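Once you scroll down, you'll see the structures, which are given as structure tokens.
In what comes next, chain A is part of two complexes: it sits with chain B in the first one and with chain C in the second one.
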Partner chain A sequence: MLKISNLHVHFDLDGTIVKALCGVTLGVNLKETLVVAGESGSGKTVTALAVTRLLPAAARVTSGEIYFNGKNLLLLEEDALRKVRGKEIAYIFQEPGSFLNPVYMVGDQIMESFLLHQGLPRVEAFAETLRLLELVKIKDSRRVFFNYPHQLSGGMNQRVGIAMSLACRPKLLIADEPTTALDVTTETQILDLLCELKSSFGFSLLFITHNLSIARRIADRICVMYKGQVVEEADAERIFCSPQHFHTKELIHAYQTIGTQ
Partner chain B sequence: MLTYIARRLAGSIPIILGITMISFAIIHLVPGKPTSAESALNPKVSLQVRERIEKLYGLDKPIHVQYLEWTRRLLKLDFGRSFSDGRPVIEKITERLPVTVGINVLSMFFIFIVAIPLGVKSARSSGSWFDTSATFFVFLFFAAPTFWVALLLMQLFCITLGWLPISGITSLDFEYFTFSQKVIDIVRHLALPVFVSCITGLAAVSRYMRTSMREALQQPYIYTARAKGLPERTVLYKHAFRNAILPIITILGLSIPGLIGGSVIFESIFALPGIGRLFYEAVMMRDYPLIMAEVVLGALLTMAGNLIADIGYAYVDPRIRYAKKVS
Partner chain C sequence: MNKLLLVGIAIIGFLSAAAILAPFISPYEPSLIDSASLLMPPSYAHPLGTDGLGRDLLSRIIYGARISLGIGIIAVGISLCIGVIAGSVAGYFGGLADSIIMRSADIMLCFPTFFLILATVAVLEPSIINIMVIIGLTSWMGIARLIRSEILSLREREFIQAAKAIGASHYGIICRHLLPNALGPVFVNATLGIAGAILLESALSFLGLGVQPPVPSWGNILIESKATLGVAWWITLFPGLAIFVTILGFNFIAEGLRKHWGYNA
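Let's look at the complex of A and B:
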């Protein structure tokens, strides 16, 4: 469904060229959960943002192709691309607090998608938003709708983020370390919620994390990234049984050490 | 919100008293007295006459007594009469107010209308030729002295081209015009003054807008907005703009006292009967009641400006709104 091949991304930081991605190749199949794992700076987030060309202005895709359901996203015109963003490919980001706009009510921010992509009248969009908030297990959805991000906890904000991303029933959800900023109990709840929603909504999930214990819990397949390249890709079980690349071994070792402590 | 405003208004009373006290002291410390303008250079005015005049105006009393008397009259909203021509101070100010306030409101309006989109566009394309040339021109206008720009423009539009009247706010035969002719006449007279006071003000607003917009555009929630598939205009003007507008509200609040400020130089060049010249003449004549009335007016507007800015903050940013409720 999503096919990234030989993707190169360079950052131009005041004349110095930094190679963030050097030939990333990966694919996500229908209704599959692909976990992209790797240390910080290995290019996970850059890969995620590159999919719908959300990279900052300093970044340049120098070569490679990104196909989504037969469309080459890198060549798509801006207008057509906007119809893919949010509607077919949606994102959940790392810091739920700062990825929500502080000056608008969270309900408004979710509702925006309904108004934008489905052209619903406001009353219906409001009702849909409340329904969505209940789907992500927010009990008093009416109160939360009228809250601002700073009035909600991190876990609640991330639920709002999930609700926002699912508004248009996307085919692919890209979650960029959605639980890193949360405490462990909330992390578990959010992961369970994601898995549950995945089976009811039926989207494919591209999940980015540096934490292999999360990967083990949710992944169908795992991609390990290291220094801007995919160094190993295999079924979840295979990665843990017989890791090939030394960085994979490092990651597994790190997670086992923490586990035994 | 209403209790908050009431509390702020109550809190501003001691500040206004303080301002008036200090201004009162300072103008009395300045060498020269109201009487000296009409008597010092005139050898025919004897010492007795001078003392009689001082007594008439109450200037023979100690300064704190004078201040208390002035305050007592102020409480009855009586600003007294001008020393120079005996007319009520309020009357002298209100007849000058429309010109100054009119020009300042218009130029503020145009400054914000032009500078805000300019700043936003510069922020979005920072480093581009548009940004660079916008920066160049707003600083050029900012750095050029008002009186010099005004004179050049007068030379061009009023003398060489002859398109606009050179000074004043109305033509000589204004009385005989129909309503629409009157409007056109005033617009023609005000065009240059408003334009000149605009271009110098552009720099501050557009620069602040550019800086805070650039900062807002780098925030994570902008990624969310883009990832949602929102068009760039919505991302800019809905999601980034409202977060970037706070410094502009500060400037707006700060420029409210400037509404009556006017500029002596500026009003002199265009021969406008504004507050700036009135204040200048009042100071030169040591016309204490008139000076103090303008000081009070300025102080009130400064308070009002601050209050408006704070209310504006709370309106734009919910974090400020809710923090206030708690305290």
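Let's look at the complex of A and C:
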């Protein structure tokens, strides 16, 4: 359903051209979990942001195509693109706290999705929001609705972030290291929650991480990136049984070393 | 809430209440001429004395508060509207829009504002509305710069990207996500702006190009006192004191808000 082919992205930093992506090709199938793994700076996040053209102003897509359900997202008008963002492709970001606007109660921010894309009346949007908060396993949803982001823990904020992204029942969810800022227990809870929601909502998941132990838990397929290129792409099983590229081996080695300590 | 803010709010609250309730609390009509009591010093009948035409000074100062505070607030309202729109468009879109808007702000800043206002009021007629509009049109640049710089730093924050990612429009991002986070320092600045506008109006009135008599404003009461300064100190003292206390009140509120929110502007 998502097909990125030969994507090149350059950053123009005051005249110096930095090649962030050099010909990335990858695809996400319906209801599949694709994990994009790689070290920092390998272009995982740039790839994710490029999908709905959320890249910073200094970045430029120099060539390549991104097809989502038959539409070329790189050629789409701004208005049409806005209808894709949030409604069809939604994001979960790394720092749960800073991705919520500090001046609004978290409930209001989840409601914004309903009001933007579905035009629900406020009363219904409120009820939907409470229901959604319960779906992401927040127990006293009524209290949390009226909390500000700084009053909630990282794990709670990430649940709110997930609720926000699922509000419009997107077909593809892009999660950019959603558990990196969380502790291990919370990480497990969030991962379990994501897997559970994935089967009940039926979205495809593009999950970005540098941590292969997470990849092993959730991935159907894994795609390893290194220096702006996809160096290896295969079923999760195959990656762990017989890694081909040396960077894949490094990543596997990294988490095994930590595991044995 | 700190003491400064409370004192400021108390002063401005008191003056605003006096201005709003003017017809009920002022002891006389502000333009009632009483030829039997010219230049009377403060007494029981006239708590702040009377002027050269026998008009009650207290009543004139209370009615003057309506004009002076009104001009301050409306002029700053106008400059807020222009400044917020100009600054957020410049800061959010950047590029050509930014260059055009900020260069026009720079050009406006090059004019000596007071003489620009003097000249404009001299050509047009010095009505209250004209004075409000002209002060507003010549004082938006500071607010625009402030908003622009706030938005330049806010638009790089993650929650703006998150708002884009759920499909918010430019308008929605500016109004719902950027401005509420940028308005704090602007309120501080606007409060100071009200004080500035009141001073400006007093200065204009003092030069005879402000609010025209018989409508009382603090500035034009002051100029009328000039002729009788030698014999009637109260006509100069009390309107001057009113201006002083008001400016102080607004400055207290601005400083108090700044401390309350923890800005270093």
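Note that in this section the second predicted complex is superposed on the first by the 261 of 261 C-alpha atoms of A that agree within 3 Å, B and C clash if a C-alpha of one lies under 4 Å from a C-alpha of the other, contacts with A are read in each partner's own complex, and residues count from 1 in each chain.
Rule of thumb we're sticking to: contacts are C-beta pairs under 8 Å (C-beta built on N, C-alpha and C of every residue); 3 or more make two chains touch, one makes a residue touch a chain.
This is a predicted model, so every value here is computed, not measured.
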Simultaneous placement of chain C and chain B on chain A, clash or fit: clash
Which of chain B and chain C A:F99 touches, first, second, both or neither: both
Partner chain in contact with A:Y255 - chain B first, chain C second, else both or neither: neither
First, second, both or neither for A:F114, with chain B first and chain C second: neither
First (chain B), second (chain C), both or neither touched by A:L54: both
Which superposed partner A:K87 touches (first chain B, second chain C, both, neither): both
Which of chain B and chain C A:Q151 touches, first, second, both or neither: first
First (chain B), second (chain C), both or neither touched by A:F68: neither
Set of chain A residues, in rising order, touched by both chain B and chain C: 52, 54, 82-87, 90-91, 93, 95, 98-104, 112-113, 116-117, 161, 164
Footprint of chain B on chain A - complex, ascending: 49, 52, 54, 82-87, 90-91, 93, 95, 98-105, 109, 112-113, 116-117, 148, 150-151, 161, 164
Residues of chain C that touch chain A when the two form their complex: 94, 157-159, 161-169, 172, 176-177, 180-181
Touch list for chain B against partner chain A, complex: 219-221, 223-231, 239, 242-243, 316-319, 322
Chain A to chain C touching residues, read off their complex: 52, 54, 57, 82-87, 90-91, 93, 95, 98-104, 112-113, 116-117, 161, 164-165, 167
